[in-house]
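Note sheet for the following structure.
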């Protein structure tokens, strides 16, 4: 038991607690959570709820980065999935048809990325750049340039509903986190993915089918992006092809890095990446409730991120050990 | 070599010209930025409608957000010998050379909806809205509606550093400053998007005691307001009643919200920049009447009294 | 030795280094005199690399001091040591594979003219330097496109170029062939004459006796002794390294021949531009040795047999016909392959020793039949013990193991899948005498268990010791198959050199 507690003390948890405490100093009501209309309300819940899409992206991104790759297309895939779901329900499909359709769109984008990376051996940054650039165009074609607003209550429920007192996006993110962690760690996938990320050539020699694993992680990342895209669209009751998921690929990558997974591939941790997403969102929410002028947003954010990354750096941990 | 190409092009186009010239009315080239927003799409369709109404032969070129495409389109128009050019410039700089070419060819150019950094004699006139005034109109509506009661406002700003965000803030804040019963308690960027608008409003509601302190929301565009309205509803508040709303642009979704009683007012950024532009051009080409250098479009206020349901439908058909 | 009465050039005094709980080096003294070649010997994991990393600034000592020409120095990194005239080739070659050969040679010291890179001078210089090692290659080509041996020579040439006082070579000859070793020795002799101190780490005792003036032997991180080579015999050196005598099991394997049933048949297997079609049948319980010079096609042959490269002619049968499109299928059919380039194709540096051992078995079992942690620990423990893999802890990253122990980990990986056919490409490279004997014993034991083995090796003594047949490769074709009494170093050398056997 004592060991467990110790394992919880990581640079990430320390950073999250620090950011939350800072928010509390700026805004004393930060930790107050109340029960209203059968659900929990409060800034803390907002952090979880608003952080959910990036957390979901980070779950997929972690797997991709573990293979020494990166998926720049997730923001655009979000826009595509949102567009498909929204146009779907608007043109008469039920949620049970529109949402799977949107998920399939995400899977297909992932498959495209995976084939470019694994089969054609194109560098991940370049391969996924294709959909990052073209994806919004595709989303716009689907929405025909409008923000497609919808009123389908079941679709909206995915973004704004709640169960067990928690917002749906939070529940979806938690479910995905638990499920993925279980699958990855209870099967051999985690180890094999790490092996591919550490040394793809050696993986081949050891009889690992690096190709199918690579395709798998990009498909999974596409799936996660689609889930996030559906949530974001459902949240605003509309698909905004231009802005949905804009720059979120960078937040997702940052979350993974804050979570301690190296961009050089190999060892990864999905829970830590989700924690990273929460740190980022806690910062964003903190800035919102603090009342700082918006001109400082980016500077404040950059400052905090630098602090976190420095704390996590090998040099810092060596200094810690010495002390 | 370059001139030779131009000559060849001009010769080729000459044949084309003789056919277009037979059509009654003007030939006007229109270089549009792209279709990045509903408003932009509406501007394109209104321009086409206006041209048709006047019997103008409109040559349309979509630049897909690239200046080089616009410059190419302009050179094409010049080579075709159009009577006039409309352009919605994607950026402010780098226009001197191509506008100089148009001037040399004697083709008047009208800028739509955005200004540029270039000598004023390179273009005939520019048609645009007054963004400062838009903010002021929004503020004035709030002042008129609230009267002397104390009122705390929260503001959803556009993208930090963008000119509509700066100007719409200035117009609003300056007008409000003259009335002591108003305070702007919070102001954050919602980056002109629905989802950020919603997220920021959520934060404001938490920070202002569950929204009980807020009397009005001002958003630099309607999209952010649509998001903010959802945030208010999710928090159990009644937008339009508990909290007044005023925003800018006049897109269909805000009219739908107004029709449902969730929003109070919006200031129109008219998509009809082409109407005044064609008026000025026709007068200039007919008898050389030189228009004002800066034609300002009207910033019209719409409230729940202005048949919002009908407006929503009418605007949707424009391609918003 | 050269300068008896001189001051030492570089000295280590009481050097100690601790990694975690593991004392890798304890109180080691070493003196390097100008004009001497100093061999540094010891088992895998004895601390040789650690010692020279401390001397050259790659590690900081936990105790003791480094003294250069009488003055204490504290190099913060190898760059500082370089600036002081100490050139080093580490065991893990650290060059930039996607720069050209010339750029690698001159990195950080490019010839300039008028403030601009003088490419011409750089290329000419590079060509000239490499010619001194008998290497004539296109110096403008990417380094990564050349064999390990060429890369090794480039690394050595670079270090030689930078060293004014001391040259340190950590197992430089592990991947070189005879001729290359000889040109390297000529260079070393010249440097020695110029008054440099040369430190030389190797597991080839022949080379030690051929070139060293003095030897220093380490065991378990401690200094055993430093002595002049002239008074020592091979047995003395081995005893100092291991602390006991080893008997080399030279039991010739004549009787075991092709007695078992045929296990695998490779018929007319070939690939254009790589290996000419060859026939090879392997029987249960036999070891087939592969001899040939570097670049003779021996590694390429193994790659075809394992599905790393795709054959464009021929057929394979291994318990039924087999078409190989990837190593995965070869593994599924019961083959294993220890590749020549350990760092690039073998080791998962960041993963633990345990994971490195179980990975091939896990890949074979598939995604969903995961080995539990207990099973992994059990397998890793078993094979680590069988091969005497020295790691403080099976959960430490394998990259922290000494080079020889890494090699054993890869061997353990393949033993864990319980293969029918094992291909070993230079399995004893970089492995100490003790472990060397151990690997030879392991090969024999595996054979007795009924495996078929194909072993590629440059060490003919070794090939002779365990092979029941030897195939010889030359110019990318199989040119001879030797059996029985023909399995003797002399005969093999002649076959390699394309002479008629007497």
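Note that the chains are named A, B and C in the order they appear, and that numbering of residues resets to 1 at the start of each chain.
Criterion: contacts are C-beta pairs under 8 Å (C-beta built on N, C-alpha and C of every residue); 3 or more make two chains touch, one makes a residue touch a chain.
By chain, UniProt protein names: A = ABC transporter permease; B = Substrate-binding domain-containing protein.
Values in this document were obtained by computation on a predicted structure and should not be read as measured data.
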item	value
Chain-level touch network, classified as line, ring, star, complete or other	line
Innermost chain, taking as reference the mean of every protein Cα atom displayed	A
Centroid spacing, where centroids are CA-atom means, of subunit B and subunit C in whole angstrom	71
Chain centre separation (subunit A (ABC transporter permease), subunit C; CA means) in Å	44
Geometric centre distance via CA averages, subunit B-subunit A (ABC transporter permease), whole Å	34
Multi-chain contact sites of subunit C, meaning residues that touch two or more partners	none
Residue ranges of subunit B touching subunit A (ABC transporter permease) (in the complex, touch as defined)	35-38, 41, 157, 160-161, 186-189, 191-196, 198-200, 202-204, 206-207, 209, 223, 226-227, 230, 234-236, 253, 256, 319-320
Parts of subunit A (ABC transporter permease) lying in touch with subunit C, wherever the complex brings them together	186-189, 191-192, 194-195, 198-199, 201-209, 266-267
Touching residues (chain side subunit A (ABC transporter permease), partner subunit B) in the complex	27, 29, 36-37, 41-43, 46, 50, 140, 145-147, 149, 160, 232, 235-238, 240, 242-244, 246, 284-285, 287-289, 291, 293-295, 297-298
In the complex with subunit A (ABC transporter permease), residue positions of subunit C that touch it	306, 308, 326-328, 330-332, 337, 339, 344-351, 355, 359-360, 362-371, 413
